[in-house]
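First the structure, which I've put down as structure tokens, then a few questions once you've had a look.
We call the chains A, B, C and D, going by the order they appear; numbering starts again at 1 in every chain.
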């Protein structure tokens, strides 16, 4: 699973296709494939050429999958930027740089428990498809929209997968119970990888620390540069530092990061 | 045409510098371009001791711009000199160290540390950070305090050119520009960010943990251009213009109103190779407009 | 919820006012909406005598904003009272007259003319225009001068509420806000435009004949929001917030930081019925967010 | 020719089609037709919904033609706004208000000399097609790009038309000579209507004043509001006033307006 050619570059790929799943808010964006390889959990920064001066920032997206034909992102429309992206036309170009961040690291021979919340499924599509032993993967997926919105069905047959719909407050409580049980049961048997909205990651982190599980979580902090320069995306760590999520992460050991009291970032987060 | 410019003792192979805080310590960008091709590299603001910076969230997007309240997180000047500077191509491209301190004495100490470092091309004294409780605007909005800082830095900076970076958060930029010139500044750079705020009507909280932040990006270009013009009409020392620059055309606009060089800040976030590609774009535009030398174009605005 | 707001003696059926200079004399918009539905109509700045205004070009587009240097072209207060005011629905919607003068005495004369006009709902004293040589910023940047103007206007304005419109081109907005409050201002409005400039690298001339202009539009919203917040934390009188508002969300942001009402300026140029549609959008958003009354929402920002 | 229902309104029409003529820079934009009638020379302000906050201003365009099926604009790409407009997709919507301004007024029984420079042809397409006696129209068209870029061939057969290509400085000089001769010859025989870039209008104005011709010119000042409110579009008049071009114009008597010394507006004007 270790890629050797992971030198990031800044490209101007053309959009090959845009498809929608379940609703117009769930977008699969296919672009000309870059020359680089990547590690699942790494991401790219994307900024369509036509944005001109507004919005100023690019938007970070996990690399969902890369084949010899294309690079694919899986994007949910949650605000202005993603809404503009969802209306792009094939043939138009993007500014794109990556692969960025550290990505998930794991031993393919060791069992994996993957915990994905909503759009947190994106990096695991490529991961599971490329995994040499998909039978060693346990996959728990929590989602709020209909399952047809997510590429859940694409996960290899052999992956041991469950999905849980969360519509009501009751659903969320029972999902958290399932999460707790799975984490406790799995602790000591392999590595746990988690990606999803911050409230979800907070819960995963809590149970992981309590049960001493070897859990790695991928953060979705707001980002401006993606390359470690602006210090806008930092996360607090247990050593009392602020580390750039874009370069030191987005994947951190669950017990290494601190979620600040301040939950402004989370409050408006619509995707799970 | 040769794109090179001279700002007193500071010689740049082209007028394009990076803006402090938007280009890290420079090394973050080696995958995206050759640092040797830039006019100068201005690194993140450094203080005597490392600083943790402000709590999160620290950045927010705004129309054609952004707010930041990083709070000058940095690794401290010593670590920079040991771990970063040696890896920068300072022989080919001047490395400018942006200084932050809370007291005039600390600025002087920083200057003393840096004044004898061969790898340091110039000092940029940041008396204009709106995101820290102490040491930012209290100097940048007060001519007397600014003069004191500049004089003390100059005393310790040896041969290094001293750039003083001004804040736009003043009633009349000409006053402070005149003051720092008279205090011995070799170069003036402006503008730093404009104080601003963003709030979230759902959470009823500010979008930044620090409540206030500094506004940068294309939104502020008209404000920057006016202030650079005013300062260039006031002082005799060279001026570095910045604020919202995203294109070769923008660069020429700042030079047209009198700037000798420019810095690229927020635009770097739109594409990490931006500052590198701007060098070529500038070369092309200068050719297209048949600009023959900077001396004749600079400040040639007809009013 | 009832959208009505009370700013001292000024009662509005909703917090949405037009911003001076962007809504003409109001009558230009009768094809696009019912003036009766607005919170208030603020008309173009009026002076004692008609003014021709600045030469052309007077406007330039900038990233997420615009510059203007109209130079207060207006038909003069008399003609306004005779030809325009009678045709405005001032019984249903307060008409606020924006005042411009070059001397404190002229401001006082204007107030005297308007103070007894039944159709005039309030006076807005513009001490913040950056586009005229005299009478704009010289008051807005100087607390003593501002106090003098406000006192003289108050003396002549009879029962009319006096709104004082502040300039953002100051180092600390709280100082001038405190000064005009103590001088007797009934209401403060802010911000006026931020000084800016645009130039054309081909002609090598400023894009505006006046060289400088005032920046408005979404670009300046973060600056406006911060200053409105600061003023609301400083004064006890009601505050009208403006600067870059384009949506119901923006309106709530200004109210969240403490404004009692808002004005819509440059956004009117994006669609002439903008200010009318905002009334409905605001009603919907207030319902959606379950805001139950302004008193509890206003200034409820948690910091 | 007098329309009765000319009350302006602010609409959100859908784009029906975009076609290009001669080059991608010459765009015919077809929209759902509004209920109003218009007078040739009137214009609309157009701002695509997707512009968000940037560019801030709408863009003014002459009404080229209105049929029961559609409203048509003829647009040359000259900068950021027109470039964005040229890439709009059918089905997307625009904010549009109009009809604005005074338009051309003339007696259909009196001969007309129409002088059009470049994009100045736009308002005359509808005018000539609706004119009850096209045989009474003389049409002189100066253009810089190939004639296939302009809808010149659409002018009714009976219109007495000439076009002159201006590639070189020499062409411009000879075009000005033709202009002068035509204006002098026509003076006193009917009304002259002119539309085009300012340098062209300046020349037309000069010869018209010299020969005492009854000439009306349509100005293309930069506009923000289009409804007379911002005072950004004014033109100086011989009475020493500044009048809003958008409401008092865009059509003025040639001898009524003053072109300010200051030619900033003109300098960058690419369209003729």
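Throughout what follows, a residue touches a chain if its C-beta (ideal position, glycine included) is under 8 Å from a C-beta of that chain, and two chains touch if they have at least 3 such contacts.
The shown structure was predicted, so the numbers you read here are calculated from the model rather than taken from an experiment.
Visitor: State the pair with the higher C-beta contact count; candidates are C-D and B-D.
Guide: More contacting C-beta pairs are found at C-D.
Visitor: Could you tell me the distance, in whole angstrom, between the mean C-alpha positions of chain A and chain B?
Guide: Result: the chain centres lie 35 Å from each other.
Visitor: Starting from the mean Cα coordinates of chain A and chain C, work out the distance between those two points in Å.
Guide: Computed from C-alpha means, the inter-chain centre distance equals 46 Å.
Visitor: If a residue has to touch 2 or more other chains to count, which residues of chain C qualify?
Guide: 63-65, 202-203, 205-206, 217-218
Visitor: Find every residue in chain D that makes contact with two or more other chains and list them.
Guide: Residues 53-54 of chain D each touch two or more of the other chains.
Visitor: Which of line, ring, star, complete and other names the graph you get from chains that touch?
Guide: complete
Visitor: For the complex, give me every residue of chain B touching chain A.
Guide: Contact set of chain B toward chain A: 21-24, 28-29, 31-32, 44, 52-53, 55-66, 68, 70, 73, 200, 202-203, 205-207, 209, 217-218, 246, 266, 268-273.
Visitor: In their shared complex, at which residues does chain B touch chain D?
Guide: It is residues 63-64 of chain B that touch chain D.
Visitor: Would you pull the chain A residues touching chain D in the complex into a rising list?
Guide: Chain A reaches chain D through residues 50, 52-54, 80, 84, 87, 89.
Visitor: Which positions of chain D touch chain C when the two form their complex?
Guide: 7-10, 47, 53-58, 95, 97, 221-222, 224-236, 240-242, 247, 260, 262, 264-265, 267-268
Visitor: Which residues of chain A touch chain C in their complex?
Guide: Contact set of chain A toward chain C: 53-54.
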